[in-house]
Structure formats: C-alpha cells, structure tokens
Amino acid sequence: MYPKSLPYLLLLPATLFLVLFFLYPFTLVAWQAFTTDTGDFTGEFFQEMATHWKFNTAMLNTFLLVLAVVPFQMVLALYMATLVNGMTRGRDFILYIWTIPLGISDLAAGLIWLAIFEQSGFLNSMLHGLGVIEQPVGFLGYQNKGTIFLAIVLAETWRATAIVLVILVSGMGLIPKEYAEAAEVFGASRWQRFIRVTLPMLKPSLQTAMILRVILAFEVFAVVVALGGTNLPVLMSEVFTWQYELRDANVAAAYALVILAISIACTLVIMWALRVPKGARV
Amino acid sequence: MSQSTQTAKLMVDGPVHGRGPWHRYVFTGIVVLLCLWVLVPIYLLVVNTLSSPADVNAFPKRLVPDVNTESVRFFLNFAGVGQALWSSVKVATLTMILSILAGAPAGYALSRFDFRGKGSFRVLVLMTRAFPLPLLALPLAVMYIRVGLDDSILGLALVHTTLALPFAVLITYSLFSGIPIELEEAAWTLGCNRLEAFQKVILPLVLPGITASAIFAFVISWNEVFAAAVLTIENRTLPAFLLQGLSVAPLHLKFAGGAVLVLPALIFIFLVRKYLFSMWGIANR
Amino acid sequence: MKSRNILMSLAMATGLSTVATGAANAEVLFWSTQANPPEEAQAMRETVLSGFAAGADFQPSEGGPWLTRIQAELQAGEGKIGVLGSLHGDLIELSDGLTDLSDIDTAGVNSTFLELGKLGTDQQKYFPWMQATYIMAANRKALEFLPEGADVNALSYDQLIAWAKTLAEETGSPKFGFPAGPKGLKHRFFQGYLYPSYTNSMVTKFRSAEAETAWNKFKELWSYTNPGSTSYSFMQEQLLTDEVWVVFDHTSRLADAFNQRPDDFIGFPAPAGPTGRGFMPVVVGIGVPTSAPDVDAAKSLVTYLSQPEVQVETLRATNFFPVVEVALPDDMPDSVKIAGAAIAAMTGSADANPGLLPVGLGDLGGKFNAVYVDSFERIVLAGQDVRTVLDDQADALRKIMDEAGAPCWAPDAASDGACPVD
C-alpha cells in the first residue's frame, strides 16, 4: 500500500533535530551524572543527591504540586471547553480571552502573581479596602507554607490551563456530531452523553494534554521561586542550585536525570491509562 | 461560520448547560467569572506598569492607576530594545516554520502508520521536554562556537525548534488521529494517490490546527530566556535582553518590563486568533 | 493563503539577515553579572564606557547564563568575551581560565583587593573593579523605638534584638527585615557579620559554644523579623513599601530607597557582638579570559576602568564604591552619601573586626556558602537543634576546607595547610 520507508522518511527531519540538538548534548550531560572528572564510573553523585537534606522535601513538593495543579486544570479546561461548545454567540471573543495566558511566560506569570500576593500587594490592598483586615497579611511568609502552596497552584493553573483548553477544544471539534445525535435518539441524558460519548471520544486529546502538562509540571520552577522563595524547594530549583550556586554539575545532572525518569514513567502510565484501543480509533 | 457554530452547539454535550432562563444566567455568570479570572491579573500588571514608582511601592494599592508612563518610557528609550525585538521576531518566526516543517510529518506518520521504532520515537520526543534545558546550554554553546553557529539567529532558532518540536509533533499527531482514515481511503478509491489525498482531503481539515501549533511554537520561542541568554550576544532576543536585569531591577521597572514582554505575545495571539479558534470548524465537513 | 506568503517572505528575510550578521565586531565584549538592572546597564553604557576609545559592548547577565557562556568559551578555546566582570566568588572558580594581569599599572589600587585578586596564585588573576559592603538601614519612624541609651551608630546585637522586639510589639507587626530570599545575600551576613562578631572566626570556630550562642541570638532576632523575609532579596523594596522599618543588606541593594526618599531613611553600621563589630567588604573584579579574542584590547579596558574618573562614574552608575584612591566630588547621589557615612562609621569604629572574602576555595565556593545557608534554613526556619545542625554542617565544612586545602583568612588566624574546623 505504501513503501515501508515512508514513515521513516516522514520522521527523518524531526529525528535529525532531536539527535543533533537534544540527544547529543543530553548524552554529554547525562554522562556527567555517572562519571567523575577523571572518567571513572560512579554512583556517588546520585548518593550525594539523595542524601542531601533537601532532596526528599523537593521531591515531595514537586509531586504535591503536580497532583494539585494538573488534575485541577484538566477538569477546569474540560469544563471551559464544554462551556465554549455550548455558546451560540461571542465564542471567538471568549476563547480569545481564555487563551491569553498561552502567551505569558512563567517568569512574567510569577511577577504578576507576586504583585497580587505579596504583603503590600493587591490582595492585601483589596482586603484592607473592604475592611476585612487592618494589618496586611503575610501570605507568603515562611510559616504559611499552605498559602504559598495555594498561591503557586493558583498561579500555575492561571498560566497553564490555556494550552489544555486549546487541545481539548480542537479535540471536541473532531468528534462527529452523529455520535451525540445517536445517543440522544436512544434517550441518553446530557450527563450520560458527556460521560459515554464525549469523554471516550476525547481520549487522544486528553492524553496529549495531560502528558504535556505533567511533563512541564515536573519542571515547574519560575513561579515557585517567585512566590515561594526558598520555602518550597522543588526538583527543578535544586537543579539550578546545584548547577549555579553549588557549582556541582555532576549532582545537577543526576537531579535532571531523576526529573527525566519520573516524567517518562508518568507519561507511560498516562499513555496506558488513556490508551485508545486498536480498531476503536475514530 | 454561523452554520458551523450552529452544528457545533449540538455536537458536544457538556454536563452543565440546561435550557431554562435560570440556566442561562448561571451559564453567563460562570463565563464572565472565568473571563475575570484570566483578565484581572493582567489588568493588575497594567495598573502597576502605568503607575508612578511611588505608587507601585505604596500600600494600600490603587486599583485604578493615576497614569504615569515614566517606567514604560524608560523601556521604550532603552538602547537596543528595537533591535532585540526584531531579533525575537526573527527567531520566533524561524522556529515556527522549522517546527511545523519537521513536526507535522512526524505527527502524521505516528498517527497513520505502525512501524518499528514508533515507541522509541515517541519517548525521544517527550524526553526533550522532560529534561531541564539550561543544563544542555553548555554543551550546545561549545558545539555552536566550534561550528560557527554561535551568536546567530539561525542557531538559536534551531534550539528553540527542538523545544517546540514535541508540542508540534504531539498536537499534529492528535489532529491527524482525529481524522478518520476512511476519509483518506475514500479519496484513494476515487483515484487520488497518497499525496493528493493528503493535500485535498486532510490538509484543509488540519490546517487551522497546524496554525495553532505554529502559534504555540512562536510563543515558546518568544518566552525562552536561558538558551537565548547563553547562545546570543549581539543578536539578543527581547527576553534575554530585558529579563536578564529584571529580577534585580526596582519594582516599578520589573512590572513595566513584564508588561513589555507580555504585550507582544497578546497582540500576536490576537492577530492569529482566527486560526486558533477556527479549529472546531474542521468538524463541519 | 495570503498569510502563508507573509510567513515565507519573513522566513527569507530572516534567513538573509542571518548571513549578514556574521561581520566581526572590534568592540571589547564586557560580560558582567554586575550592573545587571536595566537602569544600571544603561548608565554603564552611556556614561562609564562611552569614554573608552576602542569601544566596549557591555552585556550584563544573570549568574546562570553568565557562567554557562564563559565555561563554553573556555571549553571551546575561543570566544567573544573580552572582559569578565563579577564577584570575587564567581571569579575564583574560573581561576584557570584567567589571563595574568600583572603588567597592568596598579598605582593607587587597594592593595588588599589586589592580593585577593591573585586567588592564591602568584599571578594577578583578576583586577579589583569596585567594592561594596553590607550595612543597616532604617526608616526614621523606627528611631523613637530604640532601646534606652542605644546609639544607632554603635548598636550591639542585643540592642538590635531589643529594638526589633519593641517595634514588633508597639506597631503590631514585625518590622525588622532580612534578605533571606532566593537572591538575597544572607550567607555573607553569617560569614562576615554574625560569626566574626561572636566567635572572632569564620571557619575554625564554626561549631564552638560561641557559635551556638550566635545562632541562638539570631533565632531570637528572627522571632521579631518579618516572616516575609524568606522572599526578600532587595531590602530597598520593603523599605519603600513600609513593609519593614529596619533592615540589613548590601549597600547597592539599599540605594534605591536612599535615592527615592533620602529624608525618610538612614544608614548605620552593622551591630557588634562580644568579639567586635564584624563586617565584610565585597569585591567585584574584572578579569580577562584566556579565550578572549583580543587580549591587549581587553587589558586596555581593564586599565580604563581603573582610572579614578571612571571609578567615580561607575559609582554613580552602580552604587558600588571605587577600589582606587579617589576624592569623591560633592554632587554624588544621596545613596552614596548616606551609605558612605555608614561605612565610614562601621570601618572606623573602635571595635571594628573586618573579615575577608573566602580565598583559595576554587569551585567549592558555592558549597562553602551553602554550609552557612543550610545552617540558617535548618536552625532558624526548620527549628532543628542548634548543636546537632552545627556538628553536622561542621563535617561538611571540614570536608570542603580539606578538599580545597585552603589556609585560613581573616578573622581566623593564618594556618599552615587547610584551615582547621575545631
């Protein structure tokens, strides 16, 4: 039906890119995690990483953030996507507004949300103006890890839900209307149709969106540092600390490999959980 | 368009919207609330940007700025901003084109063929995003200096393309997967070869989605700081040029700088929103 | 389809200009982690470097990209960077990649800093560029709460704690601020201020009983410190927002407050402890990497930057003080006047106990700092037992000193071989 080489030809440009600009430097960096400066193979850098007193905290914080942010924004984006699909007027406009954060970098997002939550920030100003508080509250103080965490979750959700929304909206657009109509004929309620028709048909998009978000969430960094300072170490901030402050490229590489391993493992789980059975493809 | 929005309304069912007037109000209310959720933080950035340095530091803060453009003017007059802006546009545009040229064929192959190495390729693509880029900057910079790609628009665009490629591949993969293979097969039986079928049947359907992923590539490149700061010197992009000093700048300049960075991305998304939002139109086939 | 054409023509335009930018640039590239804020960078270009005949391209950068770039150039053996400007601690680690600058005229240059610039070798690895130190600053509103009999220009740590306590109790919220944020310079406080003031040592008596007292005192001070401090990096911001009234920070990180509201804020010396008034100068150096495209041009830029007039202009641009003998004109910014007076009072005080920046640590400088920062985070933030933490961290410190083989520096007495940790 088609030459055996066709898929490989199609993959060639992308593969070349990844090999040259990712795999080559990656191999050099990954090598550092396992070898000393003299070239001997060693596990000491992983050991140094794992026994450092911040390692467990960073790992825990990262997982908690991923678990809090990603499911929350998946549901939110799904909800927003169905709202958009239920609109008859103004859909372009609403979608434009909801996708604005797509263009905002994590650094800028950190800046914006810091202006809201800091002690002399907008949230305190508003609460003060409403007479709720007399003295500004230190939301981001070191004893308030809970509020710091909440602020980071809000900021990350605000910043990164738009990409999920775009993927889901486009995915919903691809579901043939006949399916929903057929379900309606058989008397399925709206909720049933959503659960039985829309969601299963949306699996490829859900899978894509979730994988992207989980991978990026494990690398969460700029917003955490902006809002949490040193209070909430995460894996990525430890990579930076080891590389640029402690100047230990070996341990930094070990950390980076840990992030990579976790991300890939999670990706495989998501791929499996949201797999589209063969033959059931749309 | 109006035809397509009508059908779109029926196509997908959400658990939320009923039909009565009461439902209508709740629906509108929720939509407005979600718009505010997105817009208010940006509005607050604008307030800080347009306030005088004294107001930025004041407490309690005003929610309506006493307009003062001192901070904004500082950035507009900052030597080299124009050139950095132009470099950013060039790098982002090249990234956009390269990532689609390399990513879309890969996305198509993943969605349509079963072949050996498919799994490894997918993992390779995802690895690219799962590994912290700043660590890769050092070996990349050494390689660039040796081969003469250092400090060039093209060199940086190549790195940014690598960053954007996973998105391009994944998004186009899910787009192509959403199009029934029967559609292509029908075209083949009508005498089209594979390429023609792709051009005539598939491409028109996925073009808006591809444009969307191109926009995304543009934005990724636009916002990338670290590689830009290491790999370019005379051709610095706007974030590398401005953001470098922002974290240590006085507050009022921090916010103005933040706004300068956010604004172009907003304008860009606005200009191409037609493509971004016409994606659901593809179902109207 | 129209948009596609636009894209194509853009692509072609970018492709063409990529080719065109290959032309060589004769300007000396000045790659710096200092004068990084946009306003300072602007002033560096427009006033400080405009007088350099051959032309200089000033490119400030954050620490991460700065280091990555120069490492890449040194590894590749060629590059664009002519002159490196950064803190003593950053330049230490690049020691092997720095050209000897011994042939540059050192007349009038501070000899202590020149010695530091040798990085323990017999070559002039870097040239001092500018200096700063850490002082205290306060809002005038806070002065009425000073403990009875306390002189703000000769405070003790106990008086500072009492002051912070009164402020917190009388105003209803903690008014002392400390730069413990991610970019805050807290490690230098512990190394150069707290330890010398209580132990007359920075390394040797790290886990001594006196050190235990010092940390307990700091814990007490911390209980009257604004908890937001863990995200403060530039205390001028919190002074200006009135979030805190009394702070400790780097002079250049207080400058904005002094300049914006000179009548509201005062600067004064750091407090004294049982073993004197510990303080530490910060040196920023300029070096020439071995990969520089034109070493002679780079050296002439170093010479240029060391001229007295240029040093004064640099002070105006960056709030960092000169490292050469120079008479300051009267029309300096308020920040210079206020901070300058506080520094003079601190260094000239009878109980002054200056510490030096770490030397001879090579690329372990970051881990050396981490010993102090980790101690702070564990003792003060996480509330762990002082003794246990100090014993723990002392092991880490000893390992670093042994590995680096670095002899002691002031205020520790000189040692043969690696500086011991008791």
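Here the chain labels run A, B and C in written order, and each chain numbers its own residues starting at 1.
Note that in this section contacts are C-beta pairs under 8 Å (C-beta built on N, C-alpha and C of every residue); 3 or more make two chains touch, one makes a residue touch a chain.
Quick caveat: nothing in here was measured; it's all calculated off a predicted structure.
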**Message:** Graph shape for the chains shown, where an edge means the two chains touch. Line, ring, star, complete, or other?
**Reply:** complete
**Complete:** Counting C-beta pairs in contact for A-B and for A-C, the higher total belongs to A-B
**Item:** Rounded Å distance, chain A centre to chain C centre (Cα mean)
**Value:** 35
**Complete:** chain A to chain B, mean C-alpha position gap in Å, rounds to 15
**Multi-chain contact sites of chain B, meaning residues that touch two or more partners** = 57-59, 134, 138, 246
**Multi-partner residues of chain C (each touching 2 or more other chains)** = 64, 241-243
**Complete:** By the touch definition above, chain A meets two or more other chains at residues 120, 136, 240, 243
**Asked** Contact residues on chain C for chain B in the complex?
**Response** 7, 10-11, 13-15, 17-18, 21-22, 25, 29, 36-42, 45-46, 57, 59-62, 64-65, 68-69, 71-73, 75-76, 78-80, 183, 234, 236-237, 240-243, 256, 260
**Fill in**
In the complex, the residues of chain B that touch chain C are 53-54, 57-59, 74-75, 78-79, 90-91, 93-94, 96-97, 134, 137-138, 141-142, 144-146, 150-154, 157, 226, 229-230, 233-236, 240, 242, 244-251, 253, 257
**Item:** Complex contacts: residues of chain A adjacent to chain B
**Value:** 2, 4, 6-11, 13-18, 21-26, 28-29, 79-83, 85-88, 91-92, 94-108, 111-113, 115-116, 120-122, 124-126, 128-129, 136, 158, 163, 166-167, 169-177, 180-181, 190-191, 193-195, 197-198, 204-205, 207-208, 211-212, 215-216, 218-219, 236, 239-240, 243, 249, 252-253, 256, 259-260, 263-264, 267, 276, 281-282
**Message:** Quick check on the complex: what are the chain B residues that touch chain A?
**Reply:** 5-18, 27, 30-31, 34-35, 37-39, 41-42, 44-45, 48, 57-61, 63, 98, 101-103, 105-106, 108-109, 112-113, 115, 117-118, 121, 123-132, 134-136, 138-140, 143, 158-159, 161-162, 165-167, 169-171, 173-175, 177-181, 194, 209, 212, 215-216, 219, 222-223, 225, 239, 243, 246, 254-255, 258, 261-262, 265-266, 268-270, 273, 276-277, 279-283
**Message:** Going by the contact rule set out above, which residues of chain A touch chain C in the complex?
**Reply:** 53, 118-120, 135-136, 138, 140-144, 225, 227-231, 240, 243-248
